[in-house]
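Heads up, the next two complexes both have chain A, just with different partners, chain B and then chain C.
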Partner chain A sequence: MFAYVVRRILATIPVMAVVALFVFSLLYIAPGDPAAVIAGDQATPEDVERIRASLGLDRPYLVRFGAWVWDIMRGDLGVSIFTNLPVSTMIQQRIEPTLSLMVVTLLLAVSVAVPLGVLAAWKVGTWVDNAVMSFAVLAFSVPVFVVGYLLAYIFALELDWLPVQGYTAFSQGFWPWLENLILPAIALGSVYIALIARITRATMLEVLQQDYIRTARAKGAGQRSILFLHALKNAAVPIVTVIGIGIALLIGGAVVTESVFAIPGLGRLTVDAILRRDYPVIQGVVLLFSFVYVLVNLAIDLLYTLFDPRIRY
Partner chain B sequence: MDRRTFLKAGAGVATIGASGTIAAPALSQGAAARTLRFVPQANLANFDPIWGTQYVVRNAACLVWDTLYGFDSNLTPQRQMVESEEVTDGGKTWTFRLREGLRFHDGEPVRAQDVAASLNRWAVRDGMGQMIRAIQEEPVSAVDDRTFRWRLKQPYPKMLVALGKNNTPMAFIMPERLARTDPFQQVSEFIGSGPMRLARNEWVPGARAVFTRFEQYVPRNEPPSWLAGGKRMNVDRIEWIIMPDPATASAALMNGEIDWWESPLTDLVPALRRNRNVQVDIQDPLGNIGSFRFNHLHAPFNDVRARRAVAMALSQEDYMRAVVGDDRSLWQTLPSFFTPGTPLYTEAGGEILKGPRNLDAARRLLAESGYNGQPITVLVAQDQAPLKAMGEVTNALLTSLGMRVDFVATDWGTVGQRRASKAPPGQGGWHIFHTWHAGADCTNPAAYLALRTHGDGAWFGWPSDEAVEAARLKWFDAPNLEAEKAAVAEMNAAAMRHVTYIPTGFYKVFQAWRRNVTGVVGAPIPFFWNVSKS
Partner chain C sequence: MALLEVENLQTHFRGADGVNRAVDGVSFEVNSGETVAIVGESGCGKSVTAMSILRLIPEPPGKIAGSIRFNGKDLLKLSDREMRDIRGNEISMIFQEPMTSLNPVLTVGRQIGETLRLHQGMNKQQAEARAVEMLKLVGIPEPERRVKEYPHQLSGGMRQRVMIAIALACNPKLLIADEPTTALDVTIQAQILDLMRDLKRTVGAAIVIITHDLGVVAEVAERVIVMYAGRKVEEAEVGRLFRNPRHPYTQGLLGSMPKLGSSLTGEETRLQEIPGLVPSLKKKLDGCVFASRCAYATDLCLKVAPGLEEKAEGHIAACHYALKESVAA
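What follows is the complex of A and B.
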């Protein structure tokens, strides 16, 4: 197992190298010019050109790529073209809100979706099943930002229960922290809940047809024990896989959710950087996201061994 | 106690046991009243107002850096950091004396050496500064700690306009060690002598910037008027909160989570007006001028007849309705390049934009220009609502003239890059793009880059016309208002003949604030002095 983990971690290096090459090349050929954004609308073409030169953006592709890779190998993600701050500092400033949003969303989604899926499978064909599946279709179909606006309108503007926007650091207290995350987590989690609930239902239905479930029933095991002890554990592998895949969904959704709820996280940092063509920031954040995604996949693979003892690495 | 506070209390009690953490105490009413929460028009991503000349940077910079002179609401430069000035040697030598007691945020006194270094850096980047540099006998220098002098080869009557104007880049005064930075590089510290200081450790670019009151700031005794007069701060802390989503900002304002929103979307204004706690008014009486910008280097718009054909057919009303809507109090047609309601406003030569549109005549003129059906590349930034709207109207206009349109729907970052290309439109260049000019930049020719017509060195599109440039120089040399008016009328007429660009109309936008905030004024810059919160 240990050797496997080490092998997988080492395997991230070529993956990250490919991501780095891809991101850098894509940005190089993409249109747009940070110097023009910095210079503002009143600048002359000469001003723009001089700013480009001062930023080193007039250097050839290979020179720029080489310098960037060399910096990364030394653990330096570079400096933002606009803010003059190290990219690592900017990521550090923004990582807590995004991490908080993702953790709360994940907890909310799993704790709601799995019981819902189990319930739908248990009551298959009944109105409960239909209601859960209708909710899933609805949650899939409505965009995150629409859910976000609706929630903000109802729970913040009309009922005045929760704030419309913003983020409070965890260090300032649990409730102020959570208060700002409830609506965004529900908005972001709705698609995720639908996805997990559907896969849970489908897998549970399959497992509930198995012989060992019939045996458990014959032995007089209770319904709760059958569902959660025997069936759910055996249905866990595909569910965990979907949860893992869904992390990418969360990262994508966080970009929109953070904008709608004005949460100063990595998603907004990415969008701002793309709109301004702040290349070092875009490259740094994409590398980070890729790294996280690779690690999440590794964690999922390791979790398989917990749920299915037959899986060995 | 409102519902949220009640719920907070309940939830707080419930969570203390679970988390072991006590919720952060709420700000006392007094402390909340001393903090103003402001949503600016854009993200404050950088903070050197000489290096980066975006409006949002200038607006924030006005809190941190002071200027020698400042425009008042009559667009007249008034003394700010300066105590007195003297013009000698037939108008060729300007000697200035600084007010006493001025200090930078690091506690150091403001010296003439700081001013000289700041002006020398500014003059490299600013259009008027460049003009002064071109005629200076020697660079501006300190005579003693409070006196500095600028010796010129010829008189420059607009010196105080240059030093006090609110167009970017403004002549902000920095400590000498920072002002010695290359004007094309960012300064590393943000130390000014303005009424507020940047709380650097709380600045999260893209999320928020915090300014705290500078206790040692010495305001002038005169009442405040835009950038002139006493800049007295009635709040201790100003938080700039960046909100990319207008609907969120609107809800936050209605919910009392922010105090002042600089630029609400027009569509959201009716909802804001219905809220009894929110006040909505015109943001800037000087408004904005929409711009239809040609590339003068390539056919067909290198022929003035093609440009005139478009101007003859263009309906400013169509553009303004698309950009602002049907509320006529927010916009007007504009047969001029200058800001309506300001002293130099003129409609001389503006007939081509007046009256019913004549499509047939425009088509004939276009044919005379030799237009051969080639595609017209129009760059349209989809992420800027006014530009997107103008682009759509232009698409319809050119099509109605029988032109083939290559509609390039892209983002502003790409337009910013591509408009700098002089290549033929089919090879990465362009024919037309849209932008808008702040009315404050169009009150006179001083900082009106878009109306320069000196060819290769001119603004994007590189128009070339000697008559416009000659009239512009007359304005700089004008000894009085009458002469200035005559020069501007001549310039307007020449630019209309030449169709340097086409103004698509004049429009205003709103700002909104909570009713417990007082002292907000309509101006090109959000001025925070004299603003109170109860």
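What follows is the complex of A and C.
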């Protein structure tokens, strides 16, 4: 088990290397010249050239890549072209809102989607099942920002139950923190809920056909125990896998959600950085997101052993 | 009063292409401590009969009618809650597939303990301690270690022993065993049958054993019910049935049973077979259900369904011509 964890962590190195190469190249290929942007409208071609040299943009591709990787290895993500602040500092300032949003969304989505999926599988073919599946299709089809504005309009503007937008730090108290996150979490989580609920339903339907479910019934087990102990534990591996893969949805959705609800998180930072062609910031954030994604999926792989004793590492 | 009285049991399944009459008017009794075998080919309704007794048939599409009185209570009239109190407690069941009938993600101890906690109000420790005793009782070595293991760590025979331990944990009055040895190696089959016989003596449960293996029947049963196409066609005490089968179908079953070493002694090298297949259970037949495959069938058989008649003392069969004992030879 321990050896496996070490192996898996070591295996993330090549993955991250490929991600790094990709991130670096993407910006290299992308149109637009950061030097020109920084220099502004009034600059002469000589000014632009000078700025380019100072940023090291005139050096060959591989040299730049090597230097960049070397800096990252030492924990230096570079300095923002725009603010002149270290990228790591900028990420630190913005990470709390994003992390909060993701954790709240994750908890909300799992605690809503799994029971919904179980319910749909139990009541398969009835109106309950149809209602859950219709909701899932709807949630899949409506974009995050539409759900976000709709929720903000109804629950914040019309009903005045929750704040329209913004973010309050966790250090200011639990409720003020949560209050600001409820609507964004619902908006961001709706696709995620739909995804998890569908997988839960499909897996549960299969598991409920198994012989051991019949055995559980023959033992006199109640419906709740059959669904949530005998069946759900067997269905857990695919469900947990989808929860892990869905983290990518959350990362992508966070960027949009943070814009809609004016949350000063990494998503906003990314959008702003892209608009300003602030290469080091974009690279830093994308690398961080990739790393989180890889780590989450490693954690999920380890979770498997908890649900299924047949899986051993 | 018999322990179990099944009367005119009808289990039908409604499908897209009509109603499947899997069990169509079966009646029988099981007395306390008795072992009754239900035999027949695949698809004759044996398993559905067993599942109907515990009401394990999904409804819909299934529909169970008739009456099933257990200790005088009609099981079909009980609420789901009351039925759950009976399942695994007063009536328990062993299934054919030991490889898949145990939950792969729960320990053996937990699965045995579950019935004890459900029905005997035991706490976790008591249930676990009793689970160890049960494993010892069904002959599993090192029960203290095995109780913490998962089904995939056990062999097929061991798993069936665990199933038996689960079934007997609450000292049921009736044990229904649906093809308990079919999926096992021959040597293991014998062990499991011996175990069931021993446990019957110690626990005192009545057993309904469902099988298509007449060897198993001869081994354990006291009385035999032969089913065909959802009906009971013959019933007799085991020795009488083997010596003197009255229904042509039963004769066919016995004739298709291989005899050990028969090809070496050269007495009869070819097994008899019953030609044809079980008729569709979807349409209502006027005549005898077996007529299409029966060598003795006449016009009467095709038109009029024979009722169950007592052909000899304690020996009933549903055949117009079953009186002639010589048909067997």
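In this text, the second predicted complex is superposed on the first by the 299 of 313 C-alpha atoms of A that agree within 3 Å, B and C clash if a C-alpha of one lies under 4 Å from a C-alpha of the other, contacts with A are read in each partner's own complex, and residues count from 1 in each chain.
Basically, a residue touches a chain if its C-beta (ideal position, glycine included) is under 8 Å from a C-beta of that chain, and two chains touch if they have at least 3 such contacts.
Computed from a prediction, not measured in an experiment: that's the story for all the values here.
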| item | value |
| --- | --- |
| First, second, both or neither for A:Gly166, with chain B first and chain C second | first |
| Most chain A residues touched (candidates chain B, chain C) | B |
| Touched partner set for A:His230, first chain B, second chain C, both or neither | second |
| Touched partner set for A:Gly222, first chain B, second chain C, both or neither | second |
| Chain A positions touched by chain B in one structure and by chain C in the second | none |
| Chain A partner contacts - residues on chain B that touch it in the complex | 2-4, 7-8, 11-12, 15, 18-19, 21-24, 43, 45-46, 51-55, 57, 125, 167-168, 182, 184-186, 188, 204-208, 241-245, 247-249, 251-252, 254-255, 257, 383, 410-414, 416-420, 435, 437, 441, 447, 449, 457-460 |
| Residues on chain C engaged by chain A in the complex (per definition of touch) | 54, 56, 84-89, 92-93, 95, 97, 100-106, 114-115, 118-119, 150, 152, 163, 166 |
| Touching residues (chain side chain A, partner chain B) in the complex | 31-34, 36-51, 53-54, 80, 82-85, 90, 93-94, 149, 152-153, 156-157, 159-166, 168, 172-176, 178-179, 259-262, 264, 268-269, 271-272, 275-278 |
| For the chain A and chain C complex, residues of the former touching the latter | 210-212, 214-222, 229-230, 233-234, 307-310 |
